[in-house]
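Labels run A, B, C and D following the written order; every chain starts at residue 1.
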Amino acid sequence: MGRPVWYLFGSTDLTTPSILAPTIAAFQTLSYTARVAARLGAKFFVPLNQGLAYTMASDIVREAYLAENKLEDFDPLKTVMYLPAGADRMYIINHMWEEQVAGAFFLGSWYHEAVIYTENAAREGAVMLGGTDTTHNIPFLVAICDYSVIGEELYALGAYVSQDVLQSSSLAGQDVGKYFAIIAILTGAVLVTAGISLSWLFALGW
Amino acid sequence: MDMIWLGLIVGSFVSIGAYTVLIGDNPISKITEHLYTGILAGYTLAINWDFVMKNAVGKVQGGQFDFIIPIILSLMLFTRLKPEWIWISRYPVALTVGVGMGLAMRASVLSDFVGQIQGTLLPINNINNIVMIIGTITAASYFLFTTKYSGPYKYVNQSGLLFLLVAFGVTYGSTASFRFELVIGRLVDMLRPDVAMYTYGFLVLVAIILIYGYTTKRIPWYKGR
Amino acid sequence: MSNRLAKISLPIWLTTIFGILMIIEFFFSMPKIVTDTNTLLRSWVTIVSAAALILGTLILTIAHVKRAYERKTGWYYSLIYIGSFVVAGALGLISVRETNFMWIFNNMTSPIGAALYSLTAFTITSAAFRVFRARNWKATVMLVTGFIVLMMLLPVGAAIFPPIVPIGEWIRSFPSSAGFRGMIIGISLGTIGLGVRIFLGRQKEHLGIREEKKEAS
Amino acid sequence: MSIIKKILDMDQRIIYLGMFIALAYPILSPVILPVAIQDYSTQAFNFAVSIPDGSYVLIEGGNAAATHPQCGPGLTANIYHLLTKQCKLVFFSITAEPAYWTQVEIDNALAKLPATVAAKNGVNWVNLGYISGGESGVAALAADIRSVVSKDHFGKPINDLPMMKDINSAKNFAAAFWWGGSEGSIPYGIRQLVGPYNLPMSGSCTTNEVPNYSPYVSSGQLKGLFGGIRGSAEYELLLKVPGPALAQAMATNIGGLYFLGLVLLGNILYLTQRLRGEK
């Protein structure tokens, strides 16, 4: 008992759209997780390595604690913490040992840190949930974590835990997109095999 | 010349300090951690201060008065130091998320969605193209949320997973190779003939501390797990 | 309700407006004023994010000063932090191109950064030893492809078993490429879905807004 | 506890020590084996050859301290190659640290160049330095260089540089090279340069990212790709200018074999354990 739960984001550079999207998706899950952690009185810790992401996460966790009337458990300097990008690696490894992390979430845009953190958390016997949409490090999250979400599932996770009907129904919309992609590929491949060039379709100037 | 030589020695010392996190929680890695965090925080502060001065304040001084707005937005971020005012900092966040999300959406429509479909429109005349088409389709359908996991979809789903796992295996292998290159890049600097003596000396020191800690069990941070 | 307007509605509306401005510029030809506004907005984002990093370092420093002042466990480490922060920050604020500043950067931060970065080589090996086992067909697929690709990339692989290079390149170019392609298509749809949810104001956690809706279970 | 279980639950530190030795030893006594050149490197090299002499080339330098030892030699070779073709180069970096290393790599290439080749700062090459804003920064740079930077890496106003007189957007360039290091930033170039401006682009990244970008290479959005130290070594071999990459590429051998050996050992022991019916 008393061992903490960590929520890690990986890379959180919000000026980069391809990193921003998974980070925002992970924020929605953070909101839910922080609330559960506050309700159960678990020690919760969120280190981040980018200023704007830090301000967002700090708001989210604070609001979650407020919603559960546990604001006294929220330490503005400790629960959510900014660490300069790069230095967070040493901090996290050292403190995973020291605090014997019991549970860890690895959601967001993950780069090389994924394997360091997951392996260290595994050594502490932590239960891990990992998920990212970066293709570079998803293998480690899949192989090492107890539970993993792959690619698009990361975006669905946030909508799913929100229990908002409209948000969940947007997932069905995404499925329509996938059916469209599959049909487009199949018809396109058949047409190309038949010798019909489709390059005009993609030369619309965009 | 002396500064370069000193730099190499300091560089290899702090590198070994960083490598000691592999051993576990220990004072050398703690010291390196705080040193590194401090320097990096100072560096981040300085470089971003320079950036804001050059690109916002400098431009306002140069007569581009619309750059007053980002300065105000930046100052709005600092209101969060007082809990009642936190909502003010939502405005800069709204700007960032709006712009970023818009860029992400438009980019993913074109280069990810359309571009990848376009790349898969291959003539079905050899095994490579067939593998490509089937793999792309099944891997995409692995992520269908609304389809029940039964009937023929079960096989589609499993073969999609197969392709994804192959991709993961390839990434695993190439990442492993890349990591070795990284260590080698670092070791090449640390084991240069002119600084190697110091590196070895420091390594021996770390080793002695570790062996002492292990044999006497006197150092509490050395926990076998 | 002006309170609600300023605190909740307006930020959401602004997010939507900025987002849509970025999107329409891309798909339709827009008057110059729109493209100019967008260029301006993008440069504002870079300034705001730089300012946010300044804020972050200040808050981190406050935390360390507090820890040192209250003599909490490990306070002496905080002194190291404060010392190095002051030295690096002061040198950098004088000039980011100052030689001493660059010396610290090139000879201390860069090596530590590189060393930390390369820690993955060690953890990847122990992780591979621990989890890379043929437990079921899924793990076996990953294991075998990983093995082949690593053999291909090592110069020694071609010396031991020359056909490994074409085999590895084929796996890398076709099945693996196809798997990632499917995943990228999914991710792009996920991004679009997320954007739609944000622009409709349904997903607003990132603004730190909590609505008193029904009890989340 | 059986001996097999003991080995399978081996302390990670022993593995780490073995890895350290396996990687350090070949640096001290290198063994050079022949290198088979990969397709992607040949494509990228041919693309570099096909750039018309004297045209403008945009180069993103993304090698940080960690990736400089592996991708740096390749970028150096690339700069050397393009300058000998009288191309005019514009460098920029989208993260702060690589701005420094890009300059190091430029200097390395300048030092190697024969004296007959013109390589003057401001005339033959310009380093714009660090561009903030990540992908948005790249988009802004591609649209209007002067809206993003007013001074180059050395603090000189870019309007004073003779080479920058005619160029202000991605339209002015004939080709781009994206030396992304491990930033994972090659897609930014594809989305913001190749997509909107049809700028042909080739690049380099670390070995681990090659599979992620292989879809882009096969779809033609990337003209070629140099992967990691092996890619750098191959560029040096193709260009026939010796550099430091080859010896380092060889040093990965023992580490890799150690890794593969461990994986094999783990699997053999695991399967014996399973056959014996132990948990």
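The definition used in the following text is that a contact is a pair of C-beta atoms (placed from the backbone, for glycine too) under 8 Å apart; a residue touches a chain by one contact, two chains touch by 3 or more.
Small disclaimer: the values here were computed from a predicted structure and weren't measured.
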Interface with more contacting C-beta pairs, comparing A-D to B-C
B-C
So how far apart, in whole Å, are chain A and chain D when each is placed at the average of its C-alpha atoms?
27
Taking the mean of the C-alpha atoms as each chain's centre, how many Å separate chain B from chain C?
6
So how far apart, in whole Å, are chain B and chain D when each is placed at the average of its C-alpha atoms?
16
As a quick test, compute the distance in whole Å between the mean CA positions of chain A and chain C.
10
Numbers and ranges of chain D residues touching at least 2 other chains:
12, 16, 19, 23, 66, 132-133, 135-137, 139, 182, 187, 207-212, 215, 218, 249, 252, 255-256, 259
Where in chain C do residues touch at least two different other chains?
26-27, 42-43, 45-46, 48-57, 59-60, 105-106, 109-114, 116-122, 124-126, 128, 130, 132, 142-143, 147, 149-150, 153-154, 172-173, 176-177, 180-181, 183-187, 189, 191-192, 194-195, 198, 206-209
For chain B, which residues are shared contacts with two or more other chains?
18, 21-22, 24, 30, 32-33, 36-37, 40-41, 43-44, 47, 51, 55, 77, 80, 86, 90, 92-93, 96-97, 99-101, 103-104, 107-108, 110, 113, 116-120, 133, 136-137, 140-141, 143, 164, 167-172, 174-177, 179-180, 182-183, 185-186, 189, 225
Testing understanding: with touching defined as stated, what is the shape of the graph linking the protein chains, line, ring, star, complete or other?
complete
Applying the document's contact rule, which stretches of chain B touch chain D when the two form their complex?
22-24, 47, 51, 54-55, 99-100, 103, 107, 110-111, 115-116, 118-119, 167, 170-171, 174-189, 191, 224-225
Considering the complex alone, what residue numbers of chain D touch chain C?
10, 12, 15-16, 19-20, 23, 33-36, 38-39, 64-66, 97, 100, 132-133, 136-137, 139-140, 143-144, 147-148, 155, 182, 207, 210-212, 214-215, 218, 230, 249-250, 252-253, 255-260, 262-263, 265-267, 270-271
Which residues of chain C touch chain B in the complex?
6-7, 10-12, 14-23, 26-27, 40-61, 74, 77-78, 80-93, 96, 101, 103-122, 124-125, 128, 132, 138, 141-150, 152-154, 170-189, 191-192, 194-195, 198-199, 206-209
Would you mind writing out the residues of chain D in touch with chain B in their complex?
11-13, 16, 19, 23-24, 27-28, 66-70, 96, 130, 132, 135-136, 139, 150-151, 182, 187, 190-192, 194-195, 206-212, 215, 218-221, 227-229, 248-249, 251-252, 255-256, 259
Of all residues in chain A, which touch chain B in the complex?
14-18, 20-21, 24, 51-52, 55-56, 58-59, 62, 76, 83-87, 90-91, 93-94, 97-98, 115, 123-124, 135-140, 142-143, 150-153, 156, 171-172, 174-175, 177-178, 181-182, 184-186, 188-193, 198, 202, 206
